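Listed below are the structures to be examined.
In the two complexes that follow, chain A is the common piece, with chain B as its partner first and chain C second.
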Partner chain A sequence: MSDALATTLIDDIGALLLFTMILILGAGQLYRAIYAVAAQSVFIGIAGAVLGAATGNPDLWVIAGITIAIKAIFLPWLLLRVVKRVGIRLEIEPVIPISVTLVIAAIIVVLSFYLAASLGTVRQAITGNALPVGVALMLLGVLVMVSRRKALTQMVGLFASENGIFFTAMAVSQGMPLIIEIGVILDVILGALVMGILVLRVRSSVDADIADLDQLRG
Partner chain B sequence: MTVDVLPILPLVPVATGLAMLAVKDRRLLAAIDLAGSLVVLALVIAVAHSVGEEGSLSAGPLRADAVTIPFLLLIGGLAVPTSLYTVGWMKGELASGGMKPGALRFYYALVHAFIATMLVTVLADNLGVLWIAMEGTTITSAILVGFHGHRDGLEAAWKYIIVTTIGISLGLFGTVLIYAAAAAAQGGSPAGAMSWHVVSAMADRLDPGIVRIGFIFVMVGYGTKAGLAPVHRWLPDAHSQAPTPVSALLSGALIKCALYGIIRFHTIARGACGPELSEDLFLLFGVASVVVATPFILAQHDLKRLLAYSSVEHVGIAALGLGFGGRIGTYGALLHVVNHGVTKALVFFGAGSAIGRYRSRDITAIRGLLGAAPWIGTLFFLGTFALAGLPPFSVFISELTVVRAGIGSGHVVSVGVVLLMLVVVFAGLMFHAGRMVFGSAPSSVAERGPEPRTCVLAMLLCAAIMLLCGLLLPPVLDGILARATEVILG
Partner chain C sequence: MHPFEHIAIALGQMGLIVLLAPFTTGFIQKLKARLQCRTGASVWQPYRDLVKLLRKGTVQSDSASAIFRAVPVLVLAATLTAAALVPVVVVRQAPAGALPLGDAILLLSLLALARFLSAVGALDAGGAFGGMGASREMTVGVLVEPVLMLVVFSVAVSTGTTDLGELAARRGLAPLSLHAPDLLALFAMLVLLLAETGRIPVDNPDTHLELTMLHEGMLLEHSGPGLACLVLATHIKQLVVMALVAAVFFPAGMTASLAPVDLALALLVFAGKALLLAVFLALVESSYAKLRFFRLPQFLGVGFLTAFLALALRIL
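Moving on, here comes the complex of A and B:
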């Protein structure tokens, strides 16, 4: 695959990633946000495959496979399972209205592209628009986490945020070393499991959403 | 031979933890715990010794140099008193129902897993491994924070894991950006572009624009984990809700490991864009931490929360030392990291024992600690004196060094603000501590048995180090810190 084609494909995937991010931000129901983050992870996997074909680095193919297996299948399955177990209401309760969130999101995307454009030579080390898209995804994930009240929605925001980091990391010259990527994914899985256990423990002991607890102050 | 010690060091607590999972006997668990910690300390000293002779050790993704040593010594040096303290503390917890006998082995195993991840964090040469280990510390210690399983503990554990995970995700992004800069500077070759010592050696060839953004991400991200204001909000909850031995490790060692991560990037950022950027950021976060923590220390009712806010203040002082920069400031910051770690562990031990004795975390409910528990009361009181920054204790020396660096570098306003805050905190701490140790204890408390010998011994150990570093700084430590300062300043 030629570099020009790879750059075009990465830019297209970047646009799709931003689109799925908007779906997550605009989702009124929890399961939609979970499906959107799963779709986003599939695109991340495809991006890995494209970069693997472009650079000839077999590690990127492995990373693409792991990403799809873990982030597009396992973690969404885990989230849906927790949703089923706790039987929570599925509506997402935004702290600030969804329309306002979307306006903030638009500002973040513009600023990310502006920031990346202000950088000079390093842009050559990162394929296409992977840097601004990665920054935008990461910050938008944080936006989901601070603007939504439910614990599981916050976890979706966290996964989306991590997708942004993965996207940029893949696009840096030859991707990150395989062993590092695997270590990071392992942390993501373990972290998600611990979060899931915490959510379930609070549900079973005090019947509340863990993110709603606010006794610790001052 | 010495090189082989490096990969063994983090494996020791892993092996200890795994072995514990097969053990159910309470005494045997406590013995393995203490033995494991002692072996870690012995290996840490061996590593420190050979680094002192050879300058640095390297083994695969692990590498120990002068900057690693103070942090390694802190982790190893706190593991031993923490294990000792756990012996006596655990008896009380089991008696009061705070810990269930069936869960003991998981608790001990998690503590050692936590120690292992901290060791890898400071030993990592590869910045990616550093990140993986630091997220590992979050996962292991989050389970420990919520270990009691009550509502407040779970709330604290959730806030802790969510806030620090998102925080250090930003740190990972910063790491990726600096990796990109290093790969670009090598003409697109990624080999070694994540190794700290390779990147910092070629720091002057990195693109300053991207390193600047990368460092800001790292500072905010790892700063969250280090408990620097304004991204410290999880810390008072987690450090106060955790079981006491874990609180001591969190405040004493863990937040210093995060600071260690920032220090590594500080060296790279200094080389790539000059010292101003990272020093200004350290100053900003440092002053904010000291100022934000002060009112919460004054108006606090919960004893362990008081100590948690004091940790925010002290990590702020260490950040200030790095921000004032230069030889004196950096040296002072490292010394403060060590001094505060030891002192805070001592005071947390005392607080944990007092809370167990009075069955209350409320400062106003604790009275007459000196009469009820003379040893623990005395050592706790001395520890609070030290935290407040009184001579002849070690914290006073390091605070003085940091302030001297601030005056020397002309940061008069920052120094003025911080000194004012330190005076206010001093008064607040003395007021709180005086109320707790003096007076007469309720009769029910006075009859609650003798002081556990292991707890007193653990506190005596910490107090001895604290006094030693305050009265005459051991030349060995002075040499280690001086060499570490050289490495940080490149």
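Moving on, here comes the complex of A and C:
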């Protein structure tokens, strides 16, 4: 695969990633956000495969496979299962109104493009918009985490943020070493499992609303 | 090229849109009915409705003024002019000094004018539902129109012109030349398409239930031929927006020659694109519930942000 084609493809995938991120931000219901983050992980996997084909690095193929299997299938399945078991309200409860979040998101994206431009010539494996898109995804994931009340939605934000880090890593280096990637993915799984157990167990006595933890005094 | 040929092409495409527009609505309704396991009315039903309305007499409220009677004709005129501006099958470079037949900004402002006029008509009749429908429709208009402009600008920046014909001609060189900003703009446009055509997450075209209606509320006081004009204008507007999407994002398949074979082929391609968009509308309409009115800014905000990012990606 030629470099120019790979750059175009990665750019297009970057646009799709941004769009799924906007869907997560604008989702009014938990299910939609989970499906959107699953779609985003699929696109990340495809991006890994494209980069693997372009650079000839076999590790990237492995990582792409793992990403799709874990982040696009297993983790969303886990989240949906927890949602069903807990039976919480499906409406997302934002701390600030969703339309305000969307405005902040616009500012964040423009800032990350500005940031990437001001960094000068970072050694990039691929040229194009991959670096700013990755940074934007990372920050928007954090925005989801801080602007939502429920633990489950914050988890969706964490996954999105992790996708952003992954995309940035692919853009700047030619993929991180396999062992690091696997370590990161294991971390995410562990986080998801802990969150799932926490929500399921805590639910019996306390509502899994993070804002309630403010009331907790030692 | 003779300047009159330019105008004749525009008028021909306008006629095409007028003829096909009720069919598009009929097709969407039929497909929706099938998706909901109903038989549904025939795809020709919108034509029959129009003929029936044209035969009927007019009844209007006592408080209505002359403006009320003029509104249906004016709305139809504005929409028809908009239909003349959008390229459907023929794309040609406009001859130097010719009328700007195909300017995107003019097209969008004509659609906005039609919206404004129907709101005025609804207010003039003095009915409570008309006023409510008008107020809601204008609120949606405020949210939709700037975003449509953003989408058009994000594409116009790359081609350096707002003339739809030239824009389509320049992009038509490569069959599928969608870059990252175009993808985002396309997604924004799909969100807007639902709002502009008055379809379900935003408006419900099949209801006269006063709590849910936006566009229908404005038509309540009209009757007979006036109502026929407004209904036809709604059909046309829907197809115009679809043709706009096709011209801006999928210009492949349009022809520059006027040979009958080329024209027929281009018409087939356009029919394919329009049907694809109609299927999209029917699918969305069958699988989503109508949003609460105060949720609309959030839904359209997604479209706004996507369009904004498309423009930002293009410029930055």
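Basically, the second predicted complex is superposed on the first by the 203 of 218 C-alpha atoms of A that agree within 3 Å, B and C clash if a C-alpha of one lies under 4 Å from a C-alpha of the other, contacts with A are read in each partner's own complex, and residues count from 1 in each chain.
Just so we're on the same page, a residue touches a chain if its C-beta (ideal position, glycine included) is under 8 Å from a C-beta of that chain, and two chains touch if they have at least 3 such contacts.
As the structure is a prediction and not an experimental result, all values here were calculated from the model.
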Simultaneous placement of chain C and chain B on chain A, clash or fit: fit
Contacts of A:Ser99 with chain B and chain C, given as first, second, both or neither: second
Which superposed partner A:Arg201 touches (first chain B, second chain C, both, neither): first
First, second, both or neither for A:Ala6, with chain B first and chain C second: neither
Contacts of A:Ile24 with chain B and chain C, given as first, second, both or neither: neither
Chain touching more of chain A, residue-wise (chain B, chain C): B
Contacts of A:Leu143 with chain B and chain C, given as first, second, both or neither: neither
Touching partner for A:Ile34 - first (chain B), second (chain C), both, neither: neither
Angle at the Cα centre of chain A, taken between the Cα centres of chain B and chain C once the superposition is applied, in steps of 10 degrees: 150
Partner chain(s) touched by A:Leu152 [first = chain B, second = chain C, both, neither]: neither
Touched partner set for A:Ala49, first chain B, second chain C, both or neither: neither
Nearest Cα pair across chain B and chain C, whole Å: 19
Contacts on chain A seen with chain B and repeated with chain C across the two complexes: none
Chain A residues within the chain B interface of the complex: 115, 118-122, 124-126, 131, 134-135, 138, 141-142, 145, 151, 154, 158, 161-162, 164-165, 168-169, 172-177, 180, 183-184, 186-187, 190-191, 194-195, 198-199, 201-202, 205-206, 210-211, 213-216, 218
Chain A to chain C touching residues, read off their complex: 8, 11-12, 14-16, 18-19, 22-23, 25-26, 28, 98-99, 102, 105-106, 109-110, 113-114, 117, 129, 132
Sites on chain B touched by chain A in the complex: 126, 128-129, 131-132, 135-136, 138-139, 142-143, 146, 149, 151-152, 154-159, 161-162, 165-166, 169-170, 172-173, 176-177, 179-181, 183-184, 188-190, 193-194, 207, 209-210, 213, 236-237, 240-241, 296, 299-301, 305
Footprint of chain A on chain C - complex, ascending: 178-181, 183-184, 187, 295, 297-299, 301-302, 304-306, 308-309, 312-313, 316
